[in-house]
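The following pair of complexes shares a single chain, subunit A, combined with subunit B in the former and subunit C in the latter.
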Partner chain A sequence: MPSFLISLRVCGEEQKTSGLEESSSFQLNMALYELLFKRTSTLALTVVVGAFVFERSFDVLIDGIFDKINEGKQWKDIKKNYET
Partner chain B sequence: MAACMRRICGAGLLKSNHGIVLQQANKYSSSSTWTKSQKALCTTAGVLAGGVAALWYTLDRSVQAKDLILHPPEQDWPHKGLLSTFDHASLRRGYEVYKQVCAACHSMQYVRYRELIGVTHTEEEAKAEAAEIMVEDGPDDTGAMFKRPGKLADSFPSPYPNEAAARAANNGAYPPDLSYVTAARHGGEDYVFALLTGYCDPPAGVEMQEGQYFNPYFLGGAIGMAQALYNESAEYTDGTPASASQLAKDVASFLRWCSEPEHDTRKRTGLKALTMISVFFAVTLFWKRHQWSSLKSTKIMYVPRKKM
Partner chain C sequence: MISAVAKSGSFAPYLKNTSQAVVSSLKTAVKPVAVSSSDKVVAPSPVQSTVDLSVGSPLNRGKVAVAYSLNGPLQVRSVHTDVKVPDFSFYRKPSTLDPTKKAEATEASRKTFSYTVTAGGFILSTYAAKNLVTTFVSSMSASADVLAMASIEVNLNEIPEGKSVTFKWRGKPLFIRHRTAKDISNEAAVDLGSLRDPQHDNERTKDPKWLIVIGVCTHLGCVPVANAGDFGGYYCPCHGSHYDASGRIRKGPAPLNLEVPPYEFKEDGLLVVG
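Showing the complex of A and B:
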């Protein structure tokens, strides 16, 4: 999602002449654009790697919340009592 | 991203403009010419009507006395709620109750011993449980059927070879298969709990026939199953006091798991899905406003060409 939003913004920014070029976030966006989003090959790689990283971190986060809510009730919480 | 959000808010894309819309709509409203008292009357009537409807609905829901069956009260189950899993210690006790009490008459042919692994038992324990039963297998080299100890892939044992045998042994009443019983009965595990703990003397004028027992939660009131759960009528290996209500709660939870083994995974996936959907909903909302912003901030006029 963020990739095309940022690239759209960059297109918009280029037409402006005042002020914004000095801001650090603009420079960051330009750097990201040059590095990742400009070429299709690096864009595709960014999407794949980003999806992997997001999926893993999202799963860990939500699983942590869910296990916190159900602490002590699930099999993984009680199986230590039965394993030899 | 932070800069992106600041610009969004600065541009006012996510600000609502209900005030203007309301003012414009008011021009076409039929109630704009009403006097103050007329509006007050209308508001009072609306509030009264809504209140009466809400009261009627609440009272109607709370009694449910028009049916010929007692509806089971809703219990506060450990797995009640959008994000709550089963209490697996309770499921394990429930399996013990099933094995010691229910399995004497009820089959459970769609649940296999391997499904206990990682839910109520370890693999070794599940193998030991399966090995306690004898299963008919075969044919062997000579064409004869033979008995062997159960394996993980075997389903729970059936006490009777077929339905006719079950009816013959139970005064004509068929003990239903319990694999999906909470999904197959109105009220689910609440019904099972209420039925197991709800035995009482029949009211005056109601005669029970031989082999029938009175239970207000059973359709018709006359049930072929005698009260099965009393205090200490089953034993728990984890030392929980085996009161009748504890036994009923545990076995009802276990039966709910049997009919819905995907329950925990479903709720976990649901949390992930709802989180993602709400993020996408916000993005969609923003994207729609973003797309419409140029049109909404533009005044479009039709200027006919003047005739020369």
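Showing the complex of A and C:
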């Protein structure tokens, strides 16, 4: 066997012993890729569902920031002063 | 690289297949050496090279030893097992360091990041597109002050039977008619075939006791007069269109029945139009 193949084989074995396959980030990558990204159909579904989740959370976040900045100025804050 | 020496054009004069050692008449720079066929050709030690610029340097330059005999080897074959292969592992992803791995096995670690970025971009642009479309579409709908004026409430208990009352709704007259039992049975019995705009009384009223129509003549937009005309409903004085007690056109130039607005009956005889 040519020597460079041997050296690369050795290199590969070193890689295996470093435990890359067992690491949790690898497992997460694997799951994400296999479940969501591998097929175009599941990618599209991911995008649609993700858009719903993102829209909801982003809007709530921004509204919360707006309400915090304008605390005491909005009708819902001063309503109690004018209605019995 | 095989027979680079033997086939090399510039060396051709030295490499003739001859049985005798003859100094070439073309060039006298190299003196062929007779070697017995059992002797091995010793190739010059190759230059340790890792880039293609220096790949040419192991070629024999200068003195060339040629073995020749009838059954001896005519070629010099360089064995390149000792050439050091360039090491690109610094540039490789950790998952692809092992060349014996199949591509599918390393797919996830190679592609997940870029697909995550792609999906994130798609999500952001979907959100942006949705908001853009919503903004434009909602700009076409009525504004809040208009919507606030768009519905009216009517207390039906104040309208006696047999009477038609006119209200203003969205800038137009609205007729609310409390029909008698005789009206109801008359309108229900009308033959649809005799109508210009065939609609049964059931389609025009939610509760047969109450007729709610917009008081605009479908001919040219005059306001009809209640409880007038040949059919006991509405009569348009402008061009003489006769509507019956269900607001349907029976006679005259108008092409369509009086329009029925959207409405709902609430509890306690409350009617909400709009």
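One rule holds for everything that comes next: the second predicted complex is superposed on the first by the 60 of 84 C-alpha atoms of A that agree within 3 Å, B and C clash if a C-alpha of one lies under 4 Å from a C-alpha of the other, contacts with A are read in each partner's own complex, and residues count from 1 in each chain.
The rule we apply is simple: contacts are C-beta pairs under 8 Å (C-beta built on N, C-alpha and C of every residue); 3 or more make two chains touch, one makes a residue touch a chain.
Since the structure is predicted, the reported quantities are computational estimates derived from the model, not experimental observations.
S.K.: Given the touch rule stated above, what does A:T84 touch, subunit B (first), subunit C (second), both, or neither?
M.R.: In the superposition, A:T84 touches subunit B alone.
S.K.: By the touch definition at the top of the document, which applies to A:S23: first (subunit B), second (subunit C), both, or neither?
M.R.: After superposing on A, A:S23 lies in contact with subunit B but is clear of subunit C.
S.K.: In the overlaid three-chain picture, which partner chain does A:G50 touch, first (subunit B) or second (subunit C), both, or neither?
M.R.: A:G50 contacts subunit C only, not subunit B.
S.K.: Looking at A:L32, would you say it contacts subunit B, subunit C, both, or neither? Reply first, second, both or neither.
M.R.: Second partner only, subunit C.
S.K.: So, does A:N70 touch the first partner subunit B, the second partner subunit C, both, or neither?
M.R.: In the superposition, A:N70 touches subunit B alone.
S.K.: What is the contact status of A:F58 with respect to subunit B (first) and subunit C (second): first, second, both, or neither?
M.R.: It touches subunit B and subunit C both.
S.K.: Looking at subunit A, which of its residues have contacts with both subunit B and subunit C?
M.R.: Common to the two interfaces on subunit A: residues 2, 9, 26, 29, 58.
S.K.: Could you list, by residue number, the parts of subunit B that touch subunit A in their complex?
M.R.: 1-4, 7, 78, 83-89, 92, 118-122, 124-125, 238, 264, 267-268, 271-272, 275-276, 283
S.K.: Please give the residue numbers of subunit A that touch subunit C in the complex, ascending.
M.R.: 2-4, 8-9, 11-12, 15-16, 20, 26, 29-30, 32-34, 36-38, 43, 46-48, 50-51, 54-55, 58
S.K.: Show me the residue ranges of subunit A that touch subunit B in the complex, using the header's touch definition.
M.R.: 1-2, 5-6, 9, 23, 25-26, 29, 58-59, 62-63, 65-66, 69-70, 73-75, 77-79, 81-84
S.K.: Flag every residue of subunit C that touches subunit A in the complex, lowest number first.
M.R.: So the residues of subunit C touching subunit A come out as 81-82, 84-85, 89, 94-95, 97-101, 107-109, 111-112, 115-116, 118-119, 122-124, 126-127, 130.
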